[in-house]
Amino acid sequence: MSHATRTREQGTDRMLQLTAVGQRYGDHRVLHDITLTVPAGQLLCVVGPSGCGKSTLLRTIAGLLPAHEGTVTVDGAPVTGVPDSLAVVFQDYGRSLFPWLTVRDNVALPLRRRGLARAERRAESDRILDRVGLSGAARRHPWQLSGGMQQRVAIARALVCRPTLLLMDEPFGSLDAQTREDLEDLLLEVHRTDGTTIVFVTHDIDESVYVGDRVVVLSPGPGSRIVRDLPVRLPGRRDQIATRGLPEFVALRAEVGRAVRGGE
Amino acid sequence: MRWLRLRQELWLGLLGVLLAFGVCEAVSRAGLVRRSYLPPASEVLGRAVELTGDPVFLDGIGVTLRAWALGLGLACAIAVPLGLLLGSVPLVDTATRAIVELLRPLPSVALIPLVSLLLGSGTETEVALISYASVWPILFNTVYGLGETDPLAKDTLRAFGFGRLAVLLRAELPATAPFIAAGIRISAAVALILAVATEILSGFGEGLGIFIAQAGLATDGTRDVLAGVVWAGTLGLVINGVLVWGERRLFPWTPEHREAAGGGARL
Amino acid sequence: MSREAETAPQGSPAPASLPTRARAAAHTVLLRWLVLVLAVGIWELAARAHGSVYFPPPDRIARHVHELWFDGPARHLFLSSAAVDDILPSLGRMTAGFALAAVAGIVLGVAVGRSRRAYALTNPVLQFARAVPPPALVPVFVVVFAFGTPMQIASIAFSAVWPVLINTAAGVRNTDPLRLDVAAVLRLNTAERLWFLVLPSALPRIFAGLRLSLSLALILMVFSELLPGTANGIGFTLTEAQTRSDLLTVWAALVLLGALGYLLNTGLLAIEKRLIGRGRAP
């Protein structure tokens, strides 16, 4: 997999392309005319008010929902069903992990289609658990862990196959502020090292600016459109205290906030 | 869109019934199974419909239903107060737990020989057995339902100075009622099983079970046996349907999971 | 690296000390069995005083149970020849019928539950099949199979399959849609999805159905043996004793049946605990 050098420069290859994508739920229009190009290696944040269809957008990209209008292309190939080398982290870790499997087995599950032997799967699984800071939790069951740790397991499961595109649906929304900060930094570190393209959906404006290379704002539903598309010009290395105090951060955050409220 | 799906499901259900009917019909007429063993579904259905006009048969159904109703009623009269007692006084509940757990797994049909020896082979035996078997689901559901009462309601009444019995009647009974109703619904099915089983075994007299048993002994009686089975199934469906409807009317606010923990009663 | 605690934050008060809990548990056990022992004792005294042939005293019943079935040689597990002739065939038939019902019920239940269409198609027929009181079907099987073991196994299996089938289908249908999305994202194939997601998720409901089926299997086992024309079995012992007015044997058989039922149910519960695991939140 590409290890883009640590930098917030945008690669030129298009990892993800949405063209005039529209989505419906019955008679209900949910998304309208979404056109977006995401270069490889970018961490894109999608923000919007509740109910504006952010999750639906993510599901459409993932191939879980066929686009009603328009096309979605991942790594050059149009999306029909779930593309290979795509991973998703959901918000509800309690439900997205399988409680009857151990942490290790949960994380090793996507490795089955790689044709690895059992011992190799276990080794890979343990390696990635170390990476996300969960060494020693391999034999436990998810429900024995705290919320933050469970979400780390979910992230580990997403990363174990080294995906080229990672989708995250409000992954830290159910966690307390402290845990959220830890996981944001974990995500940044992983992104820096692996260079995975990430689409990160959140309703937290501060988070979107802190974490992202670029922030896209959706209008309130029904029929959400993209109303703002802002690059995040902040230093590459982010720090929870320092970065959030920078004037550029405050200005960006205000701009995004205005866009979310006013839909301008 | 929702109701469109519902309509589609209804049509599919109807199709399923027709398909099942068709399969049974075809299997029999094609001679895959001997005609005397499994007459075609149309014949069975025809006979079942024919029986609606047969006064002797209808009398028999009446006998069965009377025994069923009596047994079920008796069971309610015993199980509800007993359940309320057991549920309200944990000491009594724990004390009797061993007896209950030992009696519970015994299949009620096994008691038919004993009760027949004690009470003869008339209606008393049937009613006694039906009652015994029907007591358990109602009892368990009552105790379970009592345990599910919101303590806040009880505490509020107690704070206002109501005594133990008043709390029971005013707060716990209404809250437990849906569970009791669900228990009665389960017991209704159990009661039907015991009614039919007792009748089949007694061999003489009147009743749906007798009709089936005697048809079973007659040569070429399979058609009647199956017609009797259709009647039994229909009775079961109707009883269940009426009780479910009644539950929904009386307790529209409660969710589906009212049945006692452990997936329903022992039979 | 992380500031989080190693274990899930519980926030519940510290549990009572071990000796206190042990004592409380012992009290409960004692209380439970006390009333039973009391009841048996009262029965014993009343029966001896009254001398009614219909309610023999418990110690006589116990002795009779031993005489009939458990006075065999040690190498036969103390089973007498009568036990081998009667109890084992009964149990064998019931187990065969139950096993058949369980396997067929789960397999068909999964098939029906997986597709909304299949479920809608089969639901009315299944509801009808479940509504038929199983004893009513036994004469049908008698006609088709004639008396004997195949008839009994068929009756048991055919009656016991419905709760498992219906419950399995319901459990499969209720698979969390989010987890199905996860399975799609993880690119699990059908077999993997079944083994790692659908079946484990439906297991509680499947076991609820299995417990009901076990009850039904016991009932049908006894009932099919109560019918005239059977040659052996516990039910046969019951009905044969009834014709001879041998109440002692009737009571003995009842005690045996109760014990068997209790053991089987406990066994099933133990298996359920083992498979579903300790207190996990589904």
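By written order: A, B and C. Residues from 1 in each chain.
Criterion: contacts are C-beta pairs under 8 Å (C-beta built on N, C-alpha and C of every residue); 3 or more make two chains touch, one makes a residue touch a chain.
Bear in mind the structure is a predicted one, so any value in this text is a computation, not a measurement.
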Next item on the list: Work out per-chain C-alpha centres and flag the one nearest the whole-protein C-alpha centre.
Entry: C
Note to self: Going by the contact definition above, tell me which chain pair has the most C-beta pairs touching.
What the structure shows: B-C
Check: Quick one: which chain's Cα centre is the longest way from subunit B's?
Finding: A
Note to self: Could you work out how far the Cα centre of subunit B sits from that of subunit C, in whole Å?
What the structure shows: 19
Checklist line | Where subunit A and subunit B are represented by their mean Cα positions, the distance between them in whole Å | finding: 53
Checklist line | subunit A and subunit C: spacing of chain centres that average the CA atoms, whole Å | finding: 48
Notebook entry, point to check: Any idea which subunit B residues touch subunit C in the complex?
Noted result: 8-9, 12-17, 19-20, 37-38, 91, 94-99, 101-114, 116-118, 189, 192-193, 195-197, 200-201, 208-209, 212-213, 215-216, 221-222, 225-226, 228-229, 232-234, 236-237, 240, 262-264, 266-267
Margin query: Could you list, by residue number, the parts of subunit C that touch subunit A in their complex?
Written below: 1-9, 176, 178-179, 181-182, 184-189, 192, 196-197, 200, 277, 280-282
Check: In the complex formed with subunit B, which residues of subunit C make contact?
Finding: 28, 31-36, 39, 54, 116-117, 120-125, 127-129, 131-140, 142-144, 167, 205, 207-209, 211-212, 215-216, 218-219, 222-223, 226-227, 235, 238-239, 241-242, 245, 247, 250-251, 253-254, 257-258, 260-262, 264-265
Next item on the list: Mind listing the subunit A positions that touch subunit C in their complex?
Entry: 59, 62, 64, 82, 84, 86-88, 90, 92, 94-96, 98-101, 109-110, 112-113, 133, 136, 141, 143-146, 148-149, 152, 157, 178-179, 182
